[in-house]
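As structure tokens, here come the structures.
Next come two complexes built around chain A: one with chain B, the other with chain C.
Now for the complex of A and B:
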């Protein structure tokens, strides 16, 4: 009985992992095909689309990096009479607020919203909701404080909104401090595969490109319709993505809208960041899975992709479980190894990463003209092993939080604005 | 027992083949970075407030030295 249960669960894990394997394979082929087919190149910018835009920059103790993004904002090419930049000083105890005030005095389109310690410091969603109340633009875009957008990014992000069905847009973050150490290089690989391949393919196939929380934005009316950012969610971006599709709108991915970001440069910060992502994603999964199934606004492929998207952080846990189950199965059941010879290779193939399977990483780097960077792809094994532990811990914390009635604290990522990068600091 | 050692050696060789390119790139990186970096324009030129103050002081000093050369119009 026990052996049968173990075999059944092992088989279930293998089926799920194989489903994601096929999904990533389809994404990679789609992007390869698109890169070779000139007719399906990205549509040109819609020059007539220039609505009023509000840019929100939430910041909590970002004195090391805030000045760079504000200077970049001052150089944006979007018409200043249709643009406002709202820097949300979220209960900062350093000079973030002072620096922002200096820029606000200099540039009349840059505004500062100060939130004191009584109401502020409770996470990004709450800060964004406060900024949203202050904003007047038809479209609003979000940038994290450590990001450096290109000066033409607003035009590129706003262009898809000429289609009334588009409710949100997502651009492409590129890791700036990539050469700093092995971890930053691996994160760069993750980003390349996640955006150059994964998001691009989901956009092309009419699936669900995800709003990533930064380098993107929403139609103001759509956000009001879905109720704004949920302050209880650790990943408000994923939550909003699903809400927007549930309301009948789409998210459009704009790969040409590029913005540089500072990736975490140590394993402890990586753990904190990815733990929040995993835990938040699982929260959203529990919140929206049933909504996706019963939604009348989503077609079948959107429902399938939506469910696969929401459950993606469970895949490392299933992979770990299936690998651990294999050992007792080999010992307890002599006939099982015959099945294992089929399942184990499949599992091992996905072992190297569900966020960035080898072929996604390799093709993403190839399409970006980074052939030497492809050589680092095998190192993703270590990142994925680490992610298995992170996701497992996150799942346990979600269960504990559910029992205790707490959602978890927002773990802020520290940005230093230093380190080796492709642009001198 | 012999087959066990063969497996270990095979795993070691496969691992070396798998990771050798990564070690080479880490040791002597030849990747030039994202192509986007070449066209990126960074507006940041230094701490804003310090530069601004220095510029204003320099201008004031120049102006004041020019004013001292003018005749005194006080009656």
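Now for the complex of A and C:
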């Protein structure tokens, strides 16, 4: 009986992990095919689409980086009479607010919203909701304080909104401090696979490209329709992505709209950031999975992709369980066909590389012309093993949170402004 | 395609097939399936990239030689381990088997793609 249960669970894990493997294989082939057809051609900008735009920059103690992004904002090529930049100083105790005030005096399209410690400091969704009330644009875009957008990014990001079906857009983050250490280089590889392949393919296949919380934006009316940002969610971006699809709109991915970010540069910060992502993703999964299944606005392939997207942080846990379950099965049931032992390990190693198989990472780097960065792909196994622990801990925390009725605190990522140049080799 | 490239490609494909047969005959079914999966991924993905057909088949053959040899060594290690430590050693085998295959598949994959990556340096837009 126990052996049968174990074998059943082992088979279940194998099927789930294989489904993800096939999904990413399809993504890889799709992007390869698309790159052959388009080569270096970039998406044409829609010149007739120039709505009023509000850019929201939430910042909590970001004195090391805030000046850089505000400087970049001052150089945006989008018509300034249709643009407003709202810097949300979310209860900062450093010089973030002062630096922003200086820019606000110099440029009249830059505004600062100060939130004191009584109402501020409660996480990004709450800060964004405050900024949203102040904004007047038809479209609003969000950038984290450590991001440096290219100067034409607004034109590129608002272009898809000429299609009334599009409720949100997502651009492409590129790691700026990549040369700093081995971890930042590995995160750069993760980003390449996640955006150059994953998001691009989902966009091309008509699935669910995900709004990533930054380097993207929304139609103001759509956000009002879905009720704004849910301050209880740790990953408000994923929550909104699903809500937008549930309301009958789409998210469009614009790979040409690049924005440069500072990746976390140590394993402790990596744990904190990924733990929040995993925990938040699991919250959203519990909130939306049933809604996706019963939604009449989503077609079958969107439902399947939505469910796979929401459950992706459970994959490292399943992989860990599969490995551990192999031990009692070998001991208790030596007569089990050898092939059974093989299925999960193979899918496991195919998944090495933190939520993207090695072949997807490789093709992403290839398409970006990243010759030497390729060589680091084998090291991603360490990030994957680390993510097994992170996701398992996050799952336990989510369960405890449900029992206690708490959603978890927002873990802020510290940014030091170390990214100075974009190096590609 | 030049005749010498066709001949070279044919030779490399034969090497890959021989490696598969070797893995099936002298190693075990797991290793054979690992090689088959590697070949499937390699042919459907890497064969679409830039580079001559002969170069890609050469890389495929090299991958098969490496994979078959690697798995053979590991298989011998496991056999010795099982004789000395008994069935408990099989637990160890099951746990590390995927990582042993990662250790040759992923580096070889990365290296192969870097050989085929065009020498164009992308520029940042800042």
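Definition applied: the second predicted complex is superposed on the first by the 403 of 425 C-alpha atoms of A that agree within 3 Å, B and C clash if a C-alpha of one lies under 4 Å from a C-alpha of the other, contacts with A are read in each partner's own complex, and residues count from 1 in each chain.
Here, contacts are C-beta pairs under 8 Å (C-beta built on N, C-alpha and C of every residue); 3 or more make two chains touch, one makes a residue touch a chain.
What you are looking at is a predicted structure, and each value in this text was computed from that prediction instead of being measured.
Of the two partner chains placed around the shared chain by superposition, chain B and chain C are both touched by A:258. By the touch criterion defined above, A:136 lies against neither chain B nor chain C after alignment on the C-alpha atoms of chain A.
Once the two complexes are laid over each other on the shared chain, residue contacts for A:358 go to chain C alone; chain B is not touched. With both complexes superposed, C is the one of chain B and chain C in contact with more chain A residues. Judged by the touch definition given at the top, the superposed model places A:150 against both chain B and chain C.
With both structures placed on the common chain, the touch criterion links A:372 to chain B and to chain C. Residue contacts after overlaying the shared chain place A:103 against chain B, while chain C stays out of touching range. Of the two partner chains placed by superposition, only chain B is touched by A:67; chain C is not.
Of the two partner chains, neither chain B nor chain C is touched by A:301. Of the two partner chains placed by superposition, only chain B is touched by A:178; chain C is not.
72, 148, 150, 174, 258, 260, 368-370, 372, 375-378, 422 are the residues of chain A that lie in the contact sets of both chain B and chain C, per the superposition on chain A. Those residues of chain A lying in contact with chain C across their complex are 25, 28-29, 32-33, 36, 72, 148, 150, 152, 174, 258, 260, 323, 326-327, 330-331, 334, 338-339, 341-342, 345-346, 348-350, 352-353, 358-359, 362-363, 365-366, 368-372, 374-378, 380-381, 421-422, 424-425. Only residues 67-68, 70-72, 74-75, 99, 102-103, 106, 148, 150-151, 174, 178-179, 182, 185, 258, 260, 368-370, 372-373, 375-379, 422-423 of chain A touch chain B when the two sit together in their complex.
Those residues of chain B lying in contact with chain A across their complex are 18-19, 21-22, 24-26, 29-31, 33-37, 40-45, 47-49, 52. Of all the residues in chain C, the ones that touch chain A in their complex are 28-30, 33-34, 37, 41, 44-45, 48-49, 87, 90-91, 94-95, 97-99, 101-103, 105-107, 109-111, 113-114, 116-126.
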